[in-house]
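A short write-up of the structure that comes next.
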Amino acid sequence: METPPLKFIVEAALLAAGGPLKVEQMIELFEEGRRPSKQDVHKALHDLGEDYAERGIEIREVASGWRIQVRERMGNWVARLWEEKPSRYSRALLETLALIAYRQPITRGEIEDVRGVTVSSSIIKTLLERDWVRVVGHRDVPGRPAMYATTRQFLDYFNLKALDELPSLAELRDLDALTAQLDFGLPSAEAEAEDEPVADEGA
Amino acid sequence: MSEAQRQATTTDAAETTPELHPDVVHMNPHEEHPRQAEMPFAIVQGAPVTQIPQDLYIPPDALEVFLEAFEGPLDLLLYLIKRQNLDILDIPIADITRQYMSYIELMKDLRLELAGEYLLMAAVLAEIKSRMLLPRPPSEEGEEEDPRAELVRRLQEYERFKKAAADIDDLPRVGRDIHLVGTELAERKVLRLQPQVDLQELLLAFRDVMSRADMFSSHQVEREPLSVRERMSQVLSLLRPGNFTPFETLFDPAEGRPGAVVTFLAVLELLKETLIDLVQNEPFAPIHVKAAG
Amino acid sequence: METPPLKFIVEAALLAAGGPLKVEQMIELFEEGRRPSKQDVHKALHDLGEDYAERGIEIREVASGWRIQVRERMGNWVARLWEEKPSRYSRALLETLALIAYRQPITRGEIEDVRGVTVSSSIIKTLLERDWVRVVGHRDVPGRPAMYATTRQFLDYFNLKALDELPSLAELRDLDALTAQLDFGLPSAEAEAEDEPVADEGA
């Protein structure tokens, strides 16, 4: 069988190895007597590097040898391969968000007063990171707690033009009207609510 | 049997039982033509043995290997047929049965554990043989089926899957013939998707938390338009800590009268909650707004 | 940021994925609104295939999608990356696998009928563990035996896109055609044959 060009053997080996290979290891892929020199292998690596100039992959020397890797600028697309399935938000987070929406500007202490339980820092952090709430000032009381309010992004996400498009509490309490208006199956919604973890529900 | 044929069958057999030189299993005691000048069929104490020993001693180990080389009685029968270049559709039943039985007897003599299937096949062969020897009564439907038909069908069926198994074995296979590739990412990021929230969920959460809150405070009468609440947040976010903001910049003329009213209510509410301070140095001077504290 | 050519994104994704990707999965690497059409992706795959024509790698569609793999002819060199020899499979296992592949869904008893021997449990276990076969139901006969079928992993492993790419089964020949010409019923002929030495059959 004819021997393919060295650079294609090197390429195939680097891709199949799934990790870095040393030049010596590449040389040992050949039978004794047919082994390329180190220079040959370096030349092949260099040529491959040039072949890849325009492409989404690159050849690089790292501590344990040479490897072919996907360029960083391809990360945007490639990273989606490993998307994690989104989890669901906890009941505690949703209640906190709802209170910020309806009672803004509101401090954490005030949210805790209504909910009757502590609001964990991670919930506030998640809401801030998602750009759904922001700090709009500090209340002038001891400790100067931050006051939270909802953002434009919050309105956009829920497809609202303004907060007053949210139903009032009175409307919310009128279950029958709500069911008709929002068209959600109340029994199932109730059942779902029961499935929610209630660990931090002090009440 | 010509030499060419013999070679052909030998090759055939070698394919069938790669673990074994075919001659090792060629131990028919009735063999009348020991093969000369062929490959030694065994090496005994370093010396090649080319003649079938008269006393037919077969080391039990070899027989075990022999037995293991076959995937059951059908495979053994196929081997016997192939070895003699016979057409599967025209098996000399008496011959094959005799050969088959001699193997079985040998195995029994050596007390090898013989799978029941081999004995069952022996019975089947004997039955076919007897049917072929007996004169056949005239059949009502004219032609009677060849007693070998069922066996031939099974042999053929087995043979095609034996071939299919070899074909599958010949397919390019991951890890043997083809290799999968994989690369590292320059920087591996895992996209963590954000959970989706339905507005209904949010509303239900609010309704529920407020119902619970009712149990703590019996007189929670609040009916504030949300637009004022929203505007309160907006006004607050306009204020820079420590800086004075001109009062009129809080109003957007484009919003018209209702907008101005909402902003004014928001400012009053913020004042009431002491979240902002209003500063006016003298009557009719510009009013400035400042975050409280 | 400028979007690189589609074929380079596809290439990077296939290399990074380390396994087959379906065209739909490749499309979903793009943000909504910027997604290429199926035709675009197919074109990119085709172009990559042409780019690879001379090289040691190839692009191929198998049951679970498209993948980049090292060509068979590079096996000589690439196989030396690994100390371990690829595993060989026993004839019993291959015959069992062949019966499942060509006769699926099939029960163990039906496999035994064709092979004429018992199918050991360890073979079935190995095939199940390798994800080459799976139980697809139970035959409605006494004992309700499990019916086995092959999986996508089986096709992927043997470099196949679909079952119809398996080598075709040998034809069954008809005994009746031959029977007419034969005088098999003559007891004397059989008796005579019995006296003849076996080795003379061909002479």
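The first chain written gets the first letter, and so on, giving A, B and C; residue counts start at 1 in each chain.
By definition in this document, a residue touches a chain if its C-beta (ideal position, glycine included) is under 8 Å from a C-beta of that chain, and two chains touch if they have at least 3 such contacts.
A quick note: this is a predicted structure, and the numbers were derived from the prediction, not measured.
Trainee: Based on mean C-alpha positions, I'd like to know which chain lies farthest from chain A.
Mentor: For chain A, the chain whose C-alpha mean is farthest off is C.
Trainee: Pick the chain whose C-alpha centre of mass, unweighted, sits closest to the average of all protein C-alpha coordinates shown.
Mentor: B
Trainee: Find the geometric centre of each of chain A and chain C from their Cα atoms only, then give the gap between the two centres in Å, rounded to an integer.
Mentor: Roughly 38 Å, centre to centre.
Trainee: Could you work out how far the Cα centre of chain A sits from that of chain B, in whole Å?
Mentor: Their C-alpha centroids are separated by 30 Å.
Trainee: When the C-alpha atoms of chain B and chain C are each averaged to a single point, how far apart are the two points in Å?
Mentor: Distance between chain centres: 11 Å.
Trainee: Two or more other chains in contact with one residue: find those residues in chain A.
Mentor: 12, 15-16, 18, 57, 68, 70-71, 78, 80
Trainee: What positions in chain B touch 2 or more of the other chains?
Mentor: Within chain B, the residues that touch at least two other chains are 179-183, 185.
Trainee: List the residues on chain A that touch chain C in their complex, please.
Mentor: So the residues of chain A touching chain C come out as 1, 4, 8-9, 11-13, 15-18, 21, 25, 28-30, 54-57, 68, 70-71, 73-74, 76-78, 80-81.
Trainee: Within the complex, which stretch of chain C touches chain B?
Mentor: That would be residues 15-16, 18-19, 57, 67-72, 74-75, 78-79, 86, 89, 91-92, 94-95, 97-99, 101-102, 114-118, 156-160, 166-167, 169-170, 172-173, 175, 178-179, 182, 184-185, 187, 190-191, 193-194, 196-203 of chain C.
Trainee: For chain B, which residues are in contact with chain A within the complex?
Mentor: Residue list for chain B touching chain A: 179-197, 199-213, 215-216, 222-223, 225-227, 229-230, 232-233, 236-237, 239, 241, 274-275, 291-293.
Trainee: Under the stated contact criterion, what part of chain B meets chain C in this complex?
Mentor: Chain B residues touching chain C: 1-2, 5-6, 28, 30-33, 71-75, 84-90, 92-95, 98-99, 115, 117, 121, 129, 132-136, 146, 148-149, 152-154, 156-169, 171-183, 185.
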